[in-house]
């Protein structure tokens, strides 16, 4: 049901862009909305980070996933339990670039064997790790590849990236490997929300919608490139116009391209207000981005507020009888 | 603890990266306009209309190659001309640099036509 | 309510992880008996001056909430969103990938989907979205729902079915820590007078007398003297156990269970023997007689006020540094909160072992050393004379306690100690130890009898792992370095694997320690015959 609602949303977006651009709304879909969406993305993303950052980190609470730094002859797990800023950078880099925590994922299974009773077994499970890693990296490559519509002249490294991506040289224009992988990865990520009973139970509309929206973006992009082709030169002209604040739309960009563009705009505008902000949020996560040097360096809590203590003097009075009974001679200055 | 400095630096880095095309354009003196192409002069018209050629010339060339190499057909039924990149196309569009390359460079396209059709520079029209 | 009986192990472990398609928001909370704890006695709520103190019972329909309970909760959320970056961030960035789902011991033991860490957090996230995000007005479509009394009850039921063990946060790609969320949930509940006796009472005791159990100063002294006498019977040496010795080098902080409960007590005897043997100049504090801190389990301010006693009395006693004994959550507080809350400890000195000269540079700010670090250093320097064979009856596996594991990273120190005092040591399967260790299911103040079913269910993954080494290596002892573990695991083992008992690491150290001038040792610290000294009848029974 939640998936269906999300699908309807995405299809609706497709229809809006298709009909709208055909009905003479090229300027809206080619200029106004891209600017608006990009602005919302920039401001929204920054605002969200600032919003989080306005709350302090009162305590240093890293999750330690390895041996601490203690005695010199005990080997510290530098990346799982960093003790210095540099080691934290290492931990964060592994987390952000390679999804290290997810790499360690396991799957628990209850097995029932005769004469033994139920038994929990745990196995490594790299499936989610590999699929999400593929999705994120291919999406990044695709994003970078699109720079060719905005950079003039197209730099050599960008051509090289495209050529590497089109390494197999099948089809005309050459098929990008990332295009195939990103659809596969998104498809699997979507599929597991249906087939994995646990994931199904936790999924919300706001989980299906971004997945389907991304699939919409990717599929419409593929259509525009391989099937219902558009005028690439016109697209690039539009890119240049947008960059130089020239508010005109070249002719010859078909509705299919506006659909793609509109879905991208939706994604951009939706990004800051959705779970997609994990992209920025992961950098602020206090269980990952802090060194476990708690006993070495004092962490300052800006609101460390006073609390009512039970003072020694009061305690001494309240338990005077017991203290005398114990024969303590409690001294103090 | 707020880590204000680090977060502001992070936001700045984010904005710099996301707005990369703007900086790039500024450094290059602004993105150029679409190139003026040197169109051929010999023929009255192209094998297909301009709109089709702009968008899907690669499909046509792909189709031509298949028909010639696989089916042994050499003549294009629509235009009546020989299905040949080097002879038909480059006959008119003799200035490969000024036509094919210029536009491909602009759009950041790096086709592999010339991997096989290996012509001496400017030799297209002599065939 | 039908009369409740605890399920049998075979029924308890028949758990399924499959669900029908019903939306969790449409499933009302079912407060099954045996899975929740009772309310705090009014007396203790009032003593601590907790908000809205009142009498209530979780089984009642009416929980006696204040009239404006909803405003209080929402204002409390706003306040915490402004004070804790973790809270706001963890509300926003979850992508519900499900990596945490089968990491929670309560989920694995119960199969209840709301025990998946992600759904536990969604219980509060859904309310956050409704009242703190613009999209929240869309309701269900945005994953938002209204805050109702039923939602509050659900919070109570599930936030007191989380032991804040942080296992899920190891696997979360963004490090979302359910412990943080549970802490916030419990703080919010506390604002409207909803908390549990098993936590509030120890906190109140600790606030007044200095320890969770409410042991008064004279009884404290008696207990330590008993321990000295018991140790003398076993070793022939009457050790000094100074209390309130001003100017001693080290103040020792122990969880109160160590001088009160079994099997903790045997570990306590181990400390006393060790300190005597190395001639440590130390003292107990008569005022701060508790290292544990149940304040951690429901209110940051309560944690702070209990913890304050340690530095206060260390200062009064003019010691140089603090040595912390075997206790899990106590170490979470000592390691991650104490210095920030009640530091700087500039009146103390950087800890230095008086025996080996090792400077504990890793504790240079808090001036607080873990006893496993201390003992590992002693052994490394050959400072102890050990007869390992005295522990040969113990076939041991090690349970990494959640807090020293995932909020500190204390893994190899206790292992090094064990490897040097034990001949029989076997690790449990790799996905159940170290940073992936499974909780005892009684941590974070829910080790009560009232929620026994939840505890035994939640303890199943741990018990299951112990069983595997029991079957394979004939392991008969589960070692740990946490006072709650020692109490909770004992019950857990009785239920799931009665052949396995629980011990602390310094119990083994005390057994193996050859003390100068000791009498011929025939008993271990449990006053059981050492290997080779069993009376014939017993030995026969043993074999």
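A, B and C are the chain letters, set down in written order, and residue numbers restart from 1 in every chain.
The rule is short, and it goes like this: contacts are C-beta pairs under 8 Å (C-beta built on N, C-alpha and C of every residue); 3 or more make two chains touch, one makes a residue touch a chain.
No experiment lies behind these values; they were computed from the predicted model shown.
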Checklist entry - Graph of touching chains, which shape: line, ring, star, complete, other? => result line
Item to check | Chain whose Cα centroid lies nearest the overall Cα centroid | outcome: A
Next on the checklist: Can you work out the whole-Å distance between the CA centroids of chain A and chain C?
Outcome noted: 33
Checklist outcome for this item: Between chain B and chain C, the Cα-mean centres are separated in Å by 68
Checklist outcome for this item: dist(centroid_CA(chain A), centroid_CA(chain B)) in Å evaluates to 35
Checklist entry - Which residues of chain A are in contact with two or more other chains? => result 53, 56-58, 60, 284, 299-301
Checklist entry - Considering chain C alone, which of its residues make contact with at least two other chains? => result none
Next on the checklist: Quick check: in the complex, which residue numbers of chain C touch chain A?
Outcome noted: 9-10, 13-19, 21, 24, 49, 81-89, 92-99, 101-103, 108, 113, 116, 118-119, 122, 133-135, 140-143, 166, 169-177, 180, 207-210, 216-222, 243-244, 246, 286-287, 300-302, 304-305, 308-309, 312-313, 316, 335-337, 339-341, 343-344, 358, 360-366, 368, 373, 376-377, 380, 405-413, 416, 429, 431-432, 434-436, 460-461, 464-465, 467-468
Checklist outcome for this item: Per the touch rule, the chain A residues reaching chain C in their complex are 5, 48, 51-61, 63-71, 73-75, 77, 80-81, 83, 95, 99, 101-102, 104-108, 110, 117-120, 122-123, 128, 132, 192, 196-207, 273, 275, 277-278, 281-282, 284-288, 292, 294-301, 303-305, 307-310, 312, 315, 318-319, 322-323, 325-333
Item to check | Contact set on chain B toward chain A in their complex | outcome: 1-4, 7, 10-11, 14-15, 18, 20-22, 24-25, 28, 30-34, 51, 54-56, 58-59, 61-62, 103, 105-112
Item to check | In the complex, chain A residues that touch chain B | outcome: 42, 45-46, 49-50, 53, 56-58, 60, 147-154, 158-159, 162-163, 169, 172-174, 229-233, 236-237, 239-240, 243-244, 252, 280, 283-284, 299-302
